[in-house]
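One structure is given below, represented as structure tokens, and several questions about it will come after.
Naming follows writing order (A, B, C and D), and every chain is counted from residue 1.
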Amino acid sequence: MAGVSTPLDADRAAAIVRDLRATRRRTEELAAPLAPEDQVVQSMPDVSPTKWHRAHTTWFFETFVLAPHLPGYRPVHEAYGYLFNSYYEQVGDRHPRPQRGLISRPTCEEVGEYRAAVDRSLDELLETADEAERAAVLPLLELGTQHEQQHQELLLMDIKHVFSCNPLRPAYRLGTTTTSRPDRAPSRWVRIEGEPITPVGHDGRGFAFDNEGPRHDVLVRPFELADRLVTEGEWRVFVDDGGYERAELWLSEGWAAVQSEGWTAPSYWDRDGDGWSVFTLGGTRPVHDPTPVVHVSFFEADAYARWAGARLPTEEEWEVAATSAGAGEGPNDLAGGRLHPQPLDPAVPEGGLAQLLGDVWEWTASAYRPYPRFTPPPGAIGEYNGKFMSGQMVLRGGACVTPSGHTRPTYRNFFPPAARWAFSGLRLARDI
Amino acid sequence: MAGVSTPLDADRAAAIVRDLRATRRRTEELAAPLAPEDQVVQSMPDVSPTKWHRAHTTWFFETFVLAPHLPGYRPVHEAYGYLFNSYYEQVGDRHPRPQRGLISRPTCEEVGEYRAAVDRSLDELLETADEAERAAVLPLLELGTQHEQQHQELLLMDIKHVFSCNPLRPAYRLGTTTTSRPDRAPSRWVRIEGEPITPVGHDGRGFAFDNEGPRHDVLVRPFELADRLVTEGEWRVFVDDGGYERAELWLSEGWAAVQSEGWTAPSYWDRDGDGWSVFTLGGTRPVHDPTPVVHVSFFEADAYARWAGARLPTEEEWEVAATSAGAGEGPNDLAGGRLHPQPLDPAVPEGGLAQLLGDVWEWTASAYRPYPRFTPPPGAIGEYNGKFMSGQMVLRGGACVTPSGHTRPTYRNFFPPAARWAFSGLRLARDI
Amino acid sequence: MAGVSTPLDADRAAAIVRDLRATRRRTEELAAPLAPEDQVVQSMPDVSPTKWHRAHTTWFFETFVLAPHLPGYRPVHEAYGYLFNSYYEQVGDRHPRPQRGLISRPTCEEVGEYRAAVDRSLDELLETADEAERAAVLPLLELGTQHEQQHQELLLMDIKHVFSCNPLRPAYRLGTTTTSRPDRAPSRWVRIEGEPITPVGHDGRGFAFDNEGPRHDVLVRPFELADRLVTEGEWRVFVDDGGYERAELWLSEGWAAVQSEGWTAPSYWDRDGDGWSVFTLGGTRPVHDPTPVVHVSFFEADAYARWAGARLPTEEEWEVAATSAGAGEGPNDLAGGRLHPQPLDPAVPEGGLAQLLGDVWEWTASAYRPYPRFTPPPGAIGEYNGKFMSGQMVLRGGACVTPSGHTRPTYRNFFPPAARWAFSGLRLARDI
Amino acid sequence: MAGVSTPLDADRAAAIVRDLRATRRRTEELAAPLAPEDQVVQSMPDVSPTKWHRAHTTWFFETFVLAPHLPGYRPVHEAYGYLFNSYYEQVGDRHPRPQRGLISRPTCEEVGEYRAAVDRSLDELLETADEAERAAVLPLLELGTQHEQQHQELLLMDIKHVFSCNPLRPAYRLGTTTTSRPDRAPSRWVRIEGEPITPVGHDGRGFAFDNEGPRHDVLVRPFELADRLVTEGEWRVFVDDGGYERAELWLSEGWAAVQSEGWTAPSYWDRDGDGWSVFTLGGTRPVHDPTPVVHVSFFEADAYARWAGARLPTEEEWEVAATSAGAGEGPNDLAGGRLHPQPLDPAVPEGGLAQLLGDVWEWTASAYRPYPRFTPPPGAIGEYNGKFMSGQMVLRGGACVTPSGHTRPTYRNFFPPAARWAFSGLRLARDI
């Protein structure tokens, strides 16, 4: 299957069920601040309406858990299989992605009923399954939970894009998304030694997605990595230095995107008199120098690094560094509720790597391709990650909108190099 | 101004205010069966969301009546002028039409509050205006009422298109839109003599839009006009005879549309086994032979007429015929609530022209161009009709979704020749 | 057939054959200044390569004359029917128009051989045909000749567009295309009375295209028409007065074209320091005030007229005026070889209408629709004009690149309202 | 600079000049079979006209050699710098790539004169340069020669595409492109051991492009590589097995390309009754089973490998294998003049790797990204390879249209994953 996990003891089984229920509940909590009108809009083909996310994650359990494992189960609605299948070719035809915003029915309330009905059936399955059945079902429930967590992040990315298209610029949630802290500039370089031959990839303890393995050896030479993320203030200097006007800083495809898309700053930045304002899930505010920059494409991150006389780390370098750093400092993720990257805490001691998990997904220099000897699991679930292994770049870390516990140092996120609506930023690396 | 009306006596003034209030109320009644989710969707650039119609008609009163005439009036929201201006260049910038479906806020409820606030201000204006002010304001109120009636029809056309894009095919309103009646085939030809030189255009008694004048003489030679509309049953024969596969029946642009759009039947027809089903505002039902065909483009109407060995009437011919016919048989319009064209009532005596006002807008052979000596009124209101006088064809009559009293024999409706989402059908003519 | 002509006596027959040969020869003369490379390029879908014009006009004779009338005739090449059919659906499949510029073979030389072979076969047909056969064939030869004359004009329009896309701006033929003459400004209004009921359309004496008939009565009220064409100098004032920046001057479709196409001046005008340069078939020169403006779209002509407080004449008005004016002053057409409109000759006496035939095609206010009782001839030849009767506007007069004798006062040329690559200009009209 | 080469002794210097002259001459020989008409056409944005290739390679010498190094040099034509710059942003503005086919002038003959003039100036430079100058110039001449060799291959790829768009399907050069040989099926697996840590990348002896270095260590685990290329016969089985209809075989982007492009077979294959015909530079012939398949995209190669239960090799694996194999068997390249891949010679002994250099470029599993510590040379020449390092996949080997001596085991060719007009094929690999 797309996610892999070690054999389950009773504690682990209980944790899976607990996470399932908490995750199902949290999705509804994330949709709660939204009006029914907000939940319908698809502002570009990459974006899905909120109520689609709520329904699709439910369809996932219906299709991969209830239909094969709950005897006599009948789908809640015969058309939902068509409407809420995202991209699983082997499951059957599906509604075209760019048209998700045309579907006003089922309404938000009907989607809520759909969710409740499936939750009840999942409860019934858990109550009635024998040991063997539970052993088969629990990994699927875990995968469905992880899948829904991914969609919680997408839900927030997507509604941010939707609101940004409205001249009224509604806030998802009022309140401060920006912390006032001193700007700890410049960043420091941290030397990463590593062993000449180092293993990367998930070691099989706990849940991981299929694309995180197989674990395998790589050569990583010593290099240096910045101790923190690139900030809005640093990006402002890049803009002022003509960063978006100098072809020599850009990959050819990136320069074409600058021209065709009219990029002059990160997504959600707007000229505001002499300065810039930044749209966040908490509303619009002026550029805030110490806050990590977010919503830049790979092309922009790559151009910035070139301008700064540095480069992006490879995904193997990042993983080696993150593994050795421990990455345990209490990340700024969804649980914190800030919904925006935060300036580096001045209390964090110098010398280590900060902001690794949480805040923003960090673009790496690595194209998203399969690890050596990777094979996707058989069946439709094998489409989860494997078929997307071309045309995208790897991001590592996790973001301020990533559910707690969802990410880890081996986690491979991926987006096309021109995508900007994810919470993506960067950290610099350089050769020694 | 875009609409012109004779001097107002007290009765007329009272009628204008009564119509205004009834029309404002009816818009809300038409939106009432819809969920908030339904009111957000824009299924193609030509379609506007329901809540946009509700807000735009309100903005029209705010901009052309309250702002210039109610002392001290302040707009309900500073951004609504930008969001709800449809196409008036002289009023200022406006939100791009194809993006109306991206705007979830203001919500339906907030739009309702906007409408109520503007209605209160209109009441205040009517109560406080002196005679001179009333004389200036009443024609604008009449125009705003007529404008809102046009949008009531658009609201229904648009929501029908929205629902048709949903595989669930929701009905706007359950209930029979189709009347069971005998098929009175074939149609009869009615000879129209006319005078050699005949005046056409509005004569100035009562309200008319600017494009209906100036009244002017035309030459109309005797011709024949069918006594009723072309029906679904007749269209089925055309389809079965390869009507959509024979290039020689089509104008060149029309044939290109057949190919690029994949037309094989009128809009909202779907293959259903060996036959066809038709989507109506009351849901989906099988083809019903005696019902007039609707949702055909000018290109299709023109090809059908050629196939039938006939032609479409010119707009002048239609008007001359409709004027002489009296057109008073109690049309199937919005007041009747059928929301779909109806078969010819067998009680209608033969020999006359039936179904002239109501049922479907009838495509004519005439390009939409200004009448001789036409000049639009000065200012933004002059954009109402004048600037659209290229690239479109004239339709006459009115439809089952046209508010009662809104149309008349001189009324010039217009759509691009490939448009199919209006309630457009046809009646045949031929030379003698 | 698409062209209609009265019964042929011997003189007329001889004239047809003489014209045929002269026209065939002239096509090759027009291509002579061009390199093989020039004859291949298609600079936009509307444009055809020179060698395609040379081949297509030949195919026309092969298909409509030789194949049906020369016993045992075999096409020169089996693939040419596919490659060189322009738009005749009833003749069979054909090569897609936008891909004509991809076809390097047959080469120019091979096309020359194709032309020679067909000419020989036409000679053979003329020599061997009996009287009855000649009577059937001569009208087709006349139509083919007229058709080839139309393509001579297209050939020049098209190569001008091709050369304009080359930064080197090659000239088709060096030499002065511009005559130095005093600017006879302003234009004078000429009152056109007409009879209240006037016939328009071709009267059947001599050749005419099918779309020029049937002759029929129209009502034309007295109006005024400018004695000459609008000039480059007048257009410059329009540009300087913000003509391309004021939405209120434009039809809605026209304003959209201004925005999407970035129009700021007529086609082939380029900013040159403070002024403008104009690209002609003789190369680039500065704006020349007394020269008639050319390469403006209907939308621009319409906007200019509105700005000037005037309007465009209807096609009926133009025809009535041109018929009464006699139109015999020795037009600036292809025979003169100037290949560009010329300033009004100061020798032309005031009081009459100058520049009617020749110089530029004059946009009218009339949409291109069939005359009353028009029916196209049966068969493929009926596609010649009839199927294009939607979406275009009528132009009258003829241009500096129109072969001598090709045009006449009843001639109906037509182009889409946004087209600018034809030699199209305008003359103003106004109501009395 | 973009190409790097070791210090030059006299022999090497002489060889560079000899290669330069031979290469310049060969370009003209390759264009010789073409008519002027053929040399103008651009059949898609990726394709350039033949005369553009002839001019651009000349511009390269003018810009990077003559202008900086020949005192007093003046460009042959002031506009050629604009017309014939391909993509060097730092050299200045340039003519848009998709419009190269609109440029009929300079003619082929004028391009020939341009080439001769630049050749004369290069001779002058070589004769007049002192030692220091020669040392600076020779590496640039070598780079320009290598660059022109790349364009020789492009010239042939491009004209093949041009001719394929013509229903006449002209041949570039008549004569047999296909050798009749027995089909040596199936292929054999060759085990590649390698060292655990192996260097890859160019070692600096002789010319190499910048993207082939720096040489660096990689980990390559033992694997198996097919002894020969995948053939037309094998691909036919894939097609017959529904290879183009089974989504599960494809990457998601690849499957989208299958749908949008309508792929059902390699490029240049056409259904021919029950079988397939294949268009080659020598004309059209039936599928020939033993001939290696060519003109498949990365997506097709990847899907085929998955279907075959194998995979594509990484570029490091391919290089290690090719280096150990020696790759010296006399490749089928441009010198042989077959212009199409050839069946495996039965004389080649089993057990080794055949067809490594020549025949077809082999898709690898590797995204085209910079090697560790890669930095492009400063200045415009640094744009040669570096800025294209995103969105493409690496191909290795060389093809039947690659000039002799141009390729080597470390050579990194690259194309977008959907590209099919290069001479691209594949060889399978698998894990042990």
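By our rule, a contact is a pair of C-beta atoms (placed from the backbone, for glycine too) under 8 Å apart; a residue touches a chain by one contact, two chains touch by 3 or more.
Note that this is a predicted model, so its numbers are computed, not measured.
> Hop across touching chains from chain A and tell me the fewest hops that reach chain C.
Each step joins two touching chains, and the minimum needed here is 2.
> Hey, which chain ends up farthest from chain C, C-alpha centres compared?
A
> Which angle of rotation, from 0 to 180°, maps the CA atoms of chain A onto the equivalent atoms of chain D, to the nearest 5?
About 180 degrees of rotation relates the two copies.
> State, to the nearest whole Å, the distance from the C-alpha centre of chain B to the C-alpha centre of chain C.
38
> Report the inter-centroid distance (CA atoms only) between chain A and chain B in whole Å.
From the centre of chain A to the centre of chain B is 48 Å.
> What's the distance between the Cα centroids of chain B and chain D, rounded to whole Å?
61
> Could you check chain C for residues that touch two or more other chains and list them?
none
> Pull out all the chain pairs that touch, please.
A-B, A-D, B-C, C-D
> Once bound in the complex, which stretches of chain C touch chain D?
Touching chain D from chain C are residues 35-41, 43, 51, 79, 82-83, 95, 99, 101-108, 162-163, 165-168, 170.
> Which part of chain A faces chain D closely enough to touch in the complex?
So the residues of chain A in touch with chain D come to 87, 89-90, 197, 217-219, 221, 247-248, 250-255, 298-299, 302, 365-367, 369, 372-373, 382-383, 387-391, 393, 417, 431.
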